[in-house]
Amino acid sequence: MMPPITFSHQWRRCDFCVCLSDHPQRYVFISQKAYQDSETHPDSSIYTLMKGTAVHGDDILDSVEYASPSEGGDVISTLLRRDITYDQKQGTCAEYYKVENANCSKDADCVPGEVDFNGHGRRTGKCIQYYNHTFKTCEIQSWCPIEEYAVVREPALVEAINFTVFIRNYIHFPKFKVLRGNIEDSLGKRRKRKYLNKCQYNEETDPYCPNFRLGYIASQARESFSELCRTGGVIGVFINWDCNLDLNPSYCKPTYSFRRLDVRKDEDNSGYYYRFAKYYSKNGVESRTLIKAYGIRLDIIVHGQAGKFSPIPTIISSVTAMTSVGICTIICDWIMLTFIDKNEVYSDRKFDEVIQEPADLIPTDLVHTELSYIGSFGSNHSDLSDGVPL
Amino acid sequence: MMPPITFSHQWRRCDFCVCLSDHPQRYVFISQKAYQDSETHPDSSIYTLMKGTAVHGDDILDSVEYASPSEGGDVISTLLRRDITYDQKQGTCAEYYKVENANCSKDADCVPGEVDFNGHGRRTGKCIQYYNHTFKTCEIQSWCPIEEYAVVREPALVEAINFTVFIRNYIHFPKFKVLRGNIEDSLGKRRKRKYLNKCQYNEETDPYCPNFRLGYIASQARESFSELCRTGGVIGVFINWDCNLDLNPSYCKPTYSFRRLDVRKDEDNSGYYYRFAKYYSKNGVESRTLIKAYGIRLDIIVHGQAGKFSPIPTIISSVTAMTSVGICTIICDWIMLTFIDKNEVYSDRKFDEVIQEPADLIPTDLVHTELSYIGSFGSNHSDLSDGVPL
Amino acid sequence: MMPPITFSHQWRRCDFCVCLSDHPQRYVFISQKAYQDSETHPDSSIYTLMKGTAVHGDDILDSVEYASPSEGGDVISTLLRRDITYDQKQGTCAEYYKVENANCSKDADCVPGEVDFNGHGRRTGKCIQYYNHTFKTCEIQSWCPIEEYAVVREPALVEAINFTVFIRNYIHFPKFKVLRGNIEDSLGKRRKRKYLNKCQYNEETDPYCPNFRLGYIASQARESFSELCRTGGVIGVFINWDCNLDLNPSYCKPTYSFRRLDVRKDEDNSGYYYRFAKYYSKNGVESRTLIKAYGIRLDIIVHGQAGKFSPIPTIISSVTAMTSVGICTIICDWIMLTFIDKNEVYSDRKFDEVIQEPADLIPTDLVHTELSYIGSFGSNHSDLSDGVPL
C-alpha cells in the first residue's frame, strides 16, 4: 500500500522506530546507516609537466618551445601548429587590404593619424604599393611587415599526438584530515620509478598512471586530433575523487574524464590560439618573431567529495513521554516520513515489521554506548599523511 | 492571528495538508511548488583575447606587447603605462641614494659584501659618484644602471580605453547535464560572425555580445580610466548564471557585473603593476630592458546556479495511521510549521481553508502518479549540447 | 537520564518549548540563538609581489629574474637553484648515452628518422663521438649541445630564505555585502606605509603584516629550506576568513597557515621544477639559454565563511491547536529531538525545567516583535566598503 519512498542525505536516516513494550512511555529511533558527515571542495594542488619531442622541418621542438606557461600549473597549453611572422620591426608599411578603407589610389584617400580598430597601426597619410602586389593600400606605422602578408603557415606538429602530460594532483579534506595523491604508491620504490617513467594512463589497463597521452585525451573527449591541430581547442581533464571514508582511505582513488570545453559546433568561436613573440636585438634595433599558436589547452579541474557512513545501527534519539502505544506508532510513522527525500529508494522495510522487533534487542544501556560512539566521531580514521605535516 | 511565515528552500515545501474525511486514518501532504533540486558551482571554462592597437610615440603596441599572460586564461592583464629602463647589464654602479646607508663620503662608509634588503645588489666597498650628480653613494654589483636613476616614464596608453577583451565562457552543470555558453547563437551563421566582429557589450543594447571595451568595464566599476592609467588596478568581471531549468534552457543567459577588486581608498596598497624584462645578447653580453608595467588586471569570476522547480502539485507523502481527525489536524499544522524558514513569505493561505478542500480532489491513485513523476526526475529536460560529447 | 545531545547547524535550533498554561491550545517554540544565515566561498582577489636580491657569483638576481609568472596572481614561484645550458642552437650532435639504443659503434646501429620518446631529437643515421668522451652515440638533430652534457649546475640561492612575498587579498561576501582586506588599516597613513615597508608576518608579533619571508613560510610548513633548494616544492599559503558578522566586521581578520602540497615522502614525484629559455639572435642564428629552475611555488588558497547569529531569543513558531497539555509535551519533546545533530553539545538544559518557565514571560505580542526582527534581517550590518562600489 505504501509506495516506495526515498530518504534525504541531508538528515540522518531513521530506518527503525521501536516502542519498548515494557516501557510504553519510551520509544527509540534507530538508524541502520546513519549518514554522518561529508565534505566537498577539497584543497587541491596540481603540477603539470609536458614531455615529448616534435620534428618540424630542420627544427626540433622540445617542451620548452611548445608548452606554456612554463610553471606547470592547472592550465597548460601545447602548441600544435604555428603561423610565424619572422623579423618584424617597428616601421612603416602597407596596411592589410581587407581592413576597412585601407585600399587607396592616392595619398588623399588616407587620413594621417587615423587608427582603425581592426587594423594594425596608425596611418601616415601616404598611399603605397601593397608589398609585391600591384594594388595600393594606405601606409601605416606598425610592426612591419604585417602578419597577414608575411606569415608562414607551418604544417601541424603531428607528433604531438604522442606528447604526454604528467599530472600530479594532491587533495586534502581538512575536515577529515585526509590527504590523497593520484600517483600509484603500492609498488616498491624502484619498480615505481620505472613504471612511472614508461606508463601511459589508460582507464582499463593503467588507471593509476599519471602520464596522459594527448592523443588519448583527445579520443576520450571524442575529438579528432587532426581537427584539433587545425583549430585548436580547450579540453577539460576532470579528476574526480569520491571517497567513502568508512573504507580504508587507500581505496580512495581518483577517476578521470575528459571533455572539450569550447563548443565545437560553434565553429567561429570555438578553437584555441594565442599570439606571442620572441624579441631580438639586431644591430641595436629591436625585432621580433611573431607566433600565432594554435594548440590544445588543458584545464585540469578537480572535483572531490568525502563522506563517512556508519554501518552500525545507531540510536538517533530516545524519548520518554507520557504516551500510549498508539501515539508512539503515530510518531514512528511520522519520523519515517519526515525524513523523506527522493535520493534513495526505501522499499525493503515496512514499519509494521520493524515495530514488531522484540524490544529486548535494544537494551537501554545501548543508548549510552552508541552515543559515545558518536562522541568519538572523527577519530576512527587516521590521517594518511604519515610524516607529512598537514 | 497567524503572522506571515516563510518556507525553507532546503526542504520540499508543504503547501497543503488534507485529511481525507472518508478515511480519517489517512492524511495527505501536498506541495504546490515542490523545490526539487539545485546545483551551484558549475564547471566553467574561460578564454580571453585582447584586441586593439595603441600608438606610443613612434612605436605601435599590439596585443602581443600589452596583454599578458598570452595564453588567454581567466586572468588577463593589459599594460596601460610603462616605466622603462633600457639596456641594463650585470656590472657595478652607484646604489640608489634613498637606500639605507647608501650615502657615503669615503670607501670606509661602504661595507663590502653587504646586501641591503631594499637595495639593488651587493656593495663592493667603494664609494663612488652617483651617476651625473655631485654626491656619492656606495658602489654595488647589480643590473646597471639602476631603475630609479635610468628609468624613462612613458605617458599612458590613452587609446587603451578602446581596447576590447573578448571573453568566451562555457559552463556545465554536471547534475543536470546542461551546457551553456555566453555567445549569442540565435543569429544565422554569417550575421553572427559579422555581429561578433563589430559588437561591443552593453547591458542595455548588446547584452549577449562577448566583447568588452576596457572603458566600459572601468565605468561600470565606477572607476576613472585616467586614474587607472596612473596607478593600475584589478577589476573583477563577474559572469552570473542563474538558470531556472523549468524553462527552456535557452532562457539561461548570463548577466555581467564589474567591480574593482583592489580597494581604491587604501592608496598605498591598491593599484596593480608588475615588472618584466626583455633580454638581448649584445656582442655576447646579456642585456635587458626592464619594464615596470602599470595596468588593468581583469579577473573573470563565474558564479552559477541552476534549479528545477515543479509547478505541478505533488503529494509529498501520505500516511495511514490509527488516528482521529483531531490528531490529523495537529500533524497538519505541525508539518506546515516545521518547514518554516525565512526565505519566502507564506501569507496567502490559511490552513483552515485548505483543510476544507474537498477530499475527492485527491484520489488515492494520484499518489502513484505523482510518485512516478518524481521517479522520472532528471529526464524532463534534454541535454542542450546536441552533438557535443559531455 | 537524557544523554547529551547536539543540535544541527542547518536548522534553526529550538532551545525552549513552552506550553502556555492558560491557553492549552497554544504552544510556542523559542530559539535562544537562532542560526540565521551563512555564506561560504567568498569572491577573492589575490595580488602577489616578490622582493629581495640574491647574489650568484658575479651575477645579481632580482625578482624579475627569479619570480614567475610576473603578473602577480595567486600562484607565484621563486627560483631557488638553476641548471643552465648556455648557447644551444638547432643543429646535430650526439644523443644522451642513457637514452635507449643511443649507444652505437657504427652508423648502421642508428636508424635515421627515428625519434625516441625519452630522447632529445631525430636520429640522422650517423654514429658519432659523444662530445669529448671516447665512446659513441647516435647523432641527432636537436637543440645542441644537449642539456645532460652541457649543463652547468649552479649552487642554490641561499639568500632566497630572506626573500619576501607581499600578498594582498580582498574578499567579498556578496550575500552580506561585506568586503574585507588582509592589510592592517588601524594605523595612520604614514605609520602604515612605514610599517608595511619594514614588517614581516609573524603569527605572534605581526599577525596583520602581509609580507611573508620565504624562510618563515618553509618553517611553518615544517620544511627544511636547504632541502627545498635541492628538490623544489609546492607550498600552500592558506588564508582563512571566519567572520562572525554579529560582531563589528572589523573583527573579521584572516589567519594564515602553511602546508607543503607535494608530498615529500614520495621522493621521486615530489619537488618542483620547470624549464624555460631565453632566446637570442647571434649573427642571424637563433640561440637559447635553457634554464631548469628548481624552486618554491606558492599556491595562495583562500577559505572563507561568514555567518550571522542572533543572540536574542526568537520565536520560531507558535501553534494553536485543539490539543491537551499531554500532546503539547509530546510535541515539545519531539521538536527538541528532531533538531538533533552532532555538532554542538546540548546538555545544560533539560526540557522539564524549561517547561516550568512561567508562561507569562512570553507575551503573545512578542511573536510580532520578533518576526519583524527577522523581517529586517540583513540590514543590521552596514557595508564595509564605504566609498567603494560593490
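We call the chains A, B and C, going by the order they appear; numbering starts again at 1 in every chain.
FYI, contacts are C-beta pairs under 8 Å (C-beta built on N, C-alpha and C of every residue); 3 or more make two chains touch, one makes a residue touch a chain.
This structure is a prediction, so every number in the text was calculated from the model and none was measured.
Novice: What's the contact topology between the chains, one of line, ring, star, complete, other?
Specialist: Graph shape here is complete: every pair of chains touches.
Novice: List the interface residue numbers of chain A and of chain C, divide the shared ones by all numbers used, and answer same when the ratio is over half, different when under half.
Specialist: Result for this pair: different.
Novice: So what's the Cα centroid distance for chain A and chain C, whole Å?
Specialist: One centre to the other, that is 17 Å.
Novice: Considering chain C alone, which of its residues make contact with at least two other chains?
Specialist: 10, 41, 69, 279-281, 338, in rising order.
Novice: Give the list of chain C residues in touch with chain A in this complex.
Specialist: 1-5, 10, 41, 68-69, 75, 77, 90, 115, 117-122, 141-143, 221-222, 234, 236, 238, 259-269, 272, 274-277, 279-281, 284, 286, 288, 290, 297, 299, 301, 326, 329-330, 333-334, 337-338, 340-342
Novice: Where on chain B does chain A make contact in their complex?
Specialist: Residues in contact with chain A: 10, 12, 36, 41, 43, 45, 47, 49, 51-53, 55, 58-60, 62-65, 69-73, 159, 162, 168, 170, 172, 179, 181, 183, 185, 189, 192-193, 196-197, 278-282, 287, 316-317, 319-323, 327, 331, 335, 338, 367-368, 371, 374, 377, 385-390.
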